[in-house]
Amino acid sequence: SSGRPAAAGALERAMDELLHRAVPAMPAYELREKTPARAENQCADFVSFYGGLAETAERAELLGRLARGFGVDHSQVAEQSAGVLQLRQQPREPAVLLQAEDRLRYALVPRYRSLFHHISKMEGGVRFLVRLRADLLEAQALKLVEGPHVREMNGVLKNMLSEWFSSGFLNLERVTWHSPCEVLQRISEAEAVHPVKTWMDMKWRVGPYRRCYFFSHCSTPGEPLIILHVALTNEISSSIQTIIVKEYPLSETEERNKITTAIFYSLSLTQQGLQGVELGAFLIKRVVKELQKEFPQLGAFSSLSPIPGFTKWLLGLLKAKAKEHGRSGLLTDCESQEIAELTGGPALETLQPLLSSGEWAQSERLARALQAPLMRLCAWYLHGEKHRGYALNPVAHFHLQNGAVLWRINWLADVSLKGLTSACGLMVNYRYFLEDTAANSTAYLGCKSIKASEQVLSLVAQFQKNSKL
Amino acid sequence: SSGRPAAAGALERAMDELLHRAVPAMPAYELREKTPARAENQCADFVSFYGGLAETAERAELLGRLARGFGVDHSQVAEQSAGVLQLRQQPREPAVLLQAEDRLRYALVPRYRSLFHHISKMEGGVRFLVRLRADLLEAQALKLVEGPHVREMNGVLKNMLSEWFSSGFLNLERVTWHSPCEVLQRISEAEAVHPVKTWMDMKWRVGPYRRCYFFSHCSTPGEPLIILHVALTNEISSSIQTIIVKEYPLSETEERNKITTAIFYSLSLTQQGLQGVELGAFLIKRVVKELQKEFPQLGAFSSLSPIPGFTKWLLGLLKAKAKEHGRSGLLTDCESQEIAELTGGPALETLQPLLSSGEWAQSERLARALQAPLMRLCAWYLHGEKHRGYALNPVAHFHLQNGAVLWRINWLADVSLKGLTSACGLMVNYRYFLEDTAANSTAYLGCKSIKASEQVLSLVAQFQKNSKL
Amino acid sequence: SSGRPAAAGALERAMDELLHRAVPAMPAYELREKTPARAENQCADFVSFYGGLAETAERAELLGRLARGFGVDHSQVAEQSAGVLQLRQQPREPAVLLQAEDRLRYALVPRYRSLFHHISKMEGGVRFLVRLRADLLEAQALKLVEGPHVREMNGVLKNMLSEWFSSGFLNLERVTWHSPCEVLQRISEAEAVHPVKTWMDMKWRVGPYRRCYFFSHCSTPGEPLIILHVALTNEISSSIQTIIVKEYPLSETEERNKITTAIFYSLSLTQQGLQGVELGAFLIKRVVKELQKEFPQLGAFSSLSPIPGFTKWLLGLLKAKAKEHGRSGLLTDCESQEIAELTGGPALETLQPLLSSGEWAQSERLARALQAPLMRLCAWYLHGEKHRGYALNPVAHFHLQNGAVLWRINWLADVSLKGLTSACGLMVNYRYFLEDTAANSTAYLGCKSIKASEQVLSLVAQFQKNSKL
Amino acid sequence: SSGRPAAAGALERAMDELLHRAVPAMPAYELREKTPARAENQCADFVSFYGGLAETAERAELLGRLARGFGVDHSQVAEQSAGVLQLRQQPREPAVLLQAEDRLRYALVPRYRSLFHHISKMEGGVRFLVRLRADLLEAQALKLVEGPHVREMNGVLKNMLSEWFSSGFLNLERVTWHSPCEVLQRISEAEAVHPVKTWMDMKWRVGPYRRCYFFSHCSTPGEPLIILHVALTNEISSSIQTIIVKEYPLSETEERNKITTAIFYSLSLTQQGLQGVELGAFLIKRVVKELQKEFPQLGAFSSLSPIPGFTKWLLGLLKAKAKEHGRSGLLTDCESQEIAELTGGPALETLQPLLSSGEWAQSERLARALQAPLMRLCAWYLHGEKHRGYALNPVAHFHLQNGAVLWRINWLADVSLKGLTSACGLMVNYRYFLEDTAANSTAYLGCKSIKASEQVLSLVAQFQKNSKL
């Protein structure tokens, strides 16, 4: 950041000056293939200027200026549109129409796209663009930058990245204790779902009865993009503790005939810039194939997934209903009463701090009292709460999109502090019936219908019945 | 090809049926990201049906139908164009215009593009598309299929391939005698410029004082896409025989201080489907860097290139001028007379069969008599003959585009039969002055001006002076 | 060889001088572990002096001097022997006897052994010693050097090499068309049994239905020491032509269920210096294991082996018997008569040039007439002719030692010129019944008894019956 | 250990039975090369029986029985000795004598050697023998097994291992953060000199300005046998804390021009069974070469070594002198007085617990008072204390044997508890002047003379002067 100007006005001027220098003008349509390759310097200027901006807000500012100032030339688009329309009215031979359309297509390419294109050809360029998009997403999330131009640029970048990180260019790599420490350190740091504490934790997760796979791009082997942890078990696990916390050591050699089930218990994207580039679904598919090759007898595939947001959603509900007074529909009378006795106050109110802190789990009696209502509410949260018609919970949406079945909600499945505070200790299995995933996926995406098991449907019915009273 | 229908009509029906099944319909704009991934079966159907078509004409037929029947929906394009135009007249907030443009952009995507996109995600899919485009180019060359739709589809494919074979995804690999036989066999078969005769030829070309590099795609390491052969010498070579034919063996160890010059003496594309995807220029650049790292003292970089088409061009000229009678401007009076004496007839006529067969080279006197006029004519052919303002000769166009200088025309540089019949035994050096290539390239592509050496310019001047008389 | 003295006397003096410098004196027993490591220079001197001797005779001279002049100190041996004997007569505690024996053991180590030992520690040292032993064996074969000292040194070297090339340190490598050209060229040059003619021959031998394996030392991976070629067939092959000469190409993919039999059709040692170091038997064992892993259904393992020396042995016999006149016992009367008619002279005499040149095979009738007697004689040659009680034929001895069965003699099995002139076109299968090889090996080595099939035993019986008449 | 007999007598019988089965009888001299290879089963029996013995004492028992019962046949040795002696008296041709000597040599081979030989050829056999020798050494150290036969067997094993782990078969491997976790875990566990505490410690030791190398055997790449840690510095380090404990992180990239010195700060053997097989000296040599290749400017090579045993030696001395009363020669009067004042009692006595616990280092004044005497005493310990004429301290002996110079004793060089209690916080540099090491080594091993620096010699002189008074 040595070259960074002192005053804000100066910085902005420097940004504008840089962008005018670095973003190539669109050559005329006729010359689009005759234009000499961009001198690498200008792209390199952009990359190094951007790298020199230490603060998120500065980066956001630059990206905003790029999106707003170097997009599509609307008058060109209008002119070419008019040309196409005229041909529609006065038809000529197809070649003329096709060329008019191609001119229009060309006019619709935002100018910044060729900056990204040139950068992608530099050494480390694609990696740079992944980070740039991560910054852009973060800036949008932090409201540092907004508006349709930025959204458009994000879309353009996502499409470019989707092309480059297409499944044909991804390598599946398996992680073992023989993998480079570098890789294991990254895997360990990237583990967002169930954090890795020590190196022996990590050894455990790549040891017998466990598998850890990741995708790398073929141009950067050994660099994990997205990581999947699998446990090989003899049943669909109902608790993360049985997978992650065990007495050491397991026997060194796997007894293959004890392995009937594969549990996907953690999926972590290492590069936030690749959000929306379909990697996760494809990774699960490839891993299933890999596991079937290794264990032809594998009969069941299922996730054991967290339910992020459930506690928050529930607390919101409690707060709202507590104000309303009267029957909330959340708890039965009987439940309300029992809880009130245990907590020493009106259930909807006393529960709030207990659920928020996870302290309820320390009282066996309270836990017993809460099991039925929490299971029921969680089933509803997963199955009934929607965003634009699709499941509100993002993990649920992900697995349902892939064609999984909402299989089983598990009580006291993650009793770590994180598990208790984020989802009241509940976890859920999304089960993959391989022959049905395509149909399920189509039904979910097309008709927004969610396939769920008896257990879940019955819990949902209980919720509905209770809330209607 | 077991499933191939017997009668032509049946085949055509099968094609249509296949295409309707395999090419996905465009989902509505709103659903474009919610559509479930294409079932792999349908793409696989297309791939296997296409693979079963043994004859070029059949493949051309299928591709023609795909291009014509599954392109852009023109009415959609017109409708969205109208929408954009209307917003131009009644402006609203930017988001509305940007979305209208995006709808228009979406409407301009040909339907077959998503077929190609889905195929690219299959295992071996990109490789399949490369071969498909090679077929398409061949079919166009053979006039088996024509028209703007096909040209458009070719352009779409080329753009997709350009994205996938972007420089960031190419690996430079060096070939040595320790490389797999598989690779050396491919290199040997791909060598289009100076064919490899025996395996010891090949060993020679990867031995001391020689380098052989290729690009592979990072997803298919070890598979050469484009190959560059280099000789390490102490001068800019003026004859291919000094490079290719030598007494065996060279000393096993290179004396590094004897190496001052790198001669690029052969560049071969192995995949015709990648024509137009800029690989050659980039390969030369990368090899230059690689060589500079290995030999920091390297002072000169030059090609030793063939001049395909020169004999043909010259014969055409001779034929035309011979009909005209009178002074042709091709030979001086003195030259005409001397040649006539040696060949026993009017020069322009008697030369034709001798040049066509290359027999002239067997007469030392005739060769001496032809040296001046052939050198002069060749200089003109390379420097003065144009196509749309750029050099007519494709090899010249390639190197000039890269920023090389038209450096030296060499007499009796390739006395093989191929060399004599295709370019009267002449070869040419295109020299790369690394610090000037960017400027030269811009000047050539922008202003169509060719940078040439004294030798070449002087030969061109002689030609002009003579032809003007 | 720049440092090589001009006159023979000078050379010999230089040799003596070198040896006194390079061969370390034996340190006293007490200091044997306290002696500083040999300065590398002196070993390097020896290596470079030796390398400078271009002629076999000179090398032989140097090795002879080393063997004779730098062996065991006999007076030391006698002294220590006396010490041991004395303790035998006046026993003391065990430690004293054990130390006396150890001193004797130490005295029995030839001085040149430590030269070899030091060389083995240099880079490339072991490889040097392998070549040195090859030279020594060649010199012995050419009678350039003789005597017990040289034989002893050869034995010492062989033991050292056996320790270093122990099976634990050998890597089995498979050769395919993806192996380095370097390796395939070596394999091709080393193929002593059925010479490789072109590179496509070589591709054939590593292609489908063929396997080619070699052992390398773990310190020099990729360098073949001994090579085994295998054909995968559906029967025990009776002709080398069905293996080596076929129309190209075989189908690319092997149909696994057609593979029931593995035929070892060529075994070549690349380093003559490793003769006597048991590599061949061990290679066959390892390859059998490898093949069983790949093809669990493999039912039969057999060689298809040449019979070097059979023609020569037979010609010797014919010559001897021809002089004797009278009934030779080689041919029946009936056979003699038929052959005489076909060749126009006394069978034993007329056959000699025909067998020597292999021309008999061009006459179908003569071939038919010779089949029975040649088969019979060959069976006797392999089964009945002995050297110190073991099979005279070295290939037979090798396989019998490994525990194989003398399985089948094949008529017109190798009709190449080499096959006809060396073994009258006959080849033989040595079959490996895996569960019996240990017992067979013990029986052969211990009791000199040869396990043979019905076919062979019946031919032997015919021979015996005929020759007794 | 399932097959392990219940009662001790039964176990012993099982051992005898096993040994008689597994240890091959010596074949007669004439048949020594004709004996079929040992059936693998018997060796495997031994290996699995041995592996089943869980307790050290049981293993020791088995090894003792093997050494005592299956060594040399003394009567054979005597007989062959007599034969040799007789030939001495009645000379015949050389061949006869040489053969007699060879018979004697053969008789001197202990029978258990061929068991080891056969085991070495099994998969994993050499690794097994390394562990077996480690057990043997441990059993000897614990006095579980004793006597000349066991010592002899140990010597035989050591010689065999020396042949197999000869320098030509060792691979130098460098460890980085990209090495397999497996390897880094082993390195970390093997670090005997300065224990590794966390994984970030380990990352530090393979990061910038650090190097970590190991030897592996070429048959088991990736398995460290002996490990050397190096720090790249700009001076000869006088404190281990500057090497091991630093604030994180160092700059990622090394500034090459700051690197002038290589400090070997840790050398660990991972396989105790390889004790006495010269690996350490050779590893240092190879690493020096490697470093010189990477940093041609490296000017100084030195160890920074611990002085194990110094505190113990010193305490012994103090105890002895304290009893003697009177002037001890260990401290000057002045020193005695000062220390007595600080510790509140007679120096020789009060110092004992303080030195033993390392507590003295917490008092700055006491530390100052002790510096001169401890430095002097340590110099004498390293330079003057001998075992059979060589340096008593094993680390000193190792480096002096390699030709290093006893360079500098460093005050407060290792203030860890381990450093204080084992060597009063002192460390020593053994410096390698590459051009002198050969001469130094010869002088040390031959004449037992130690090359030391001015600093050390001056400290020794002070000690001598004082102790003589």
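Each chain gets a letter, A, B, C and D, in the order it is written, and its residues are counted from 1.
In this section, a residue touches a chain if its C-beta (ideal position, glycine included) is under 8 Å from a C-beta of that chain, and two chains touch if they have at least 3 such contacts.
What you see is a predicted model, and the numbers here were worked out from it, not measured in a lab.
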Legend entry - Those chains which touch subunit D and also touch subunit C: none
Inset, instruction - Compare the CA centroid of subunit D with every other chain's and tell me the farthest one. - result: B
Legend entry - Between subunit C and subunit A, distance of the C-alpha-averaged centres to the nearest whole Å: 66
Legend entry - Computed distance of Cα centres, subunit B from subunit A, in Å: 43
Inset, instruction - Report the inter-chain centroid distance for subunit B and subunit C in whole angstrom, where each centroid is the mean of the CA atoms. - result: 55
Inset, instruction - Any chance you could list the residues of subunit B touching two or more other chains? - result: none
Inset, instruction - Going by the contact rule at the top, pick out the subunit A residues touching subunit D in the complex. - result: 177-182, 184-185, 199, 202-203
Legend entry - Of all residues in subunit C, those that touch subunit D in their complex: 34-37, 39, 71-72, 74, 77-78, 81-82, 84-85, 88, 94-95, 97-99, 101-102, 104-105, 108, 120-123, 125-126, 147-149, 152, 155, 163-164, 166-169, 171, 217-219, 278, 281, 438, 441-442, 445-446
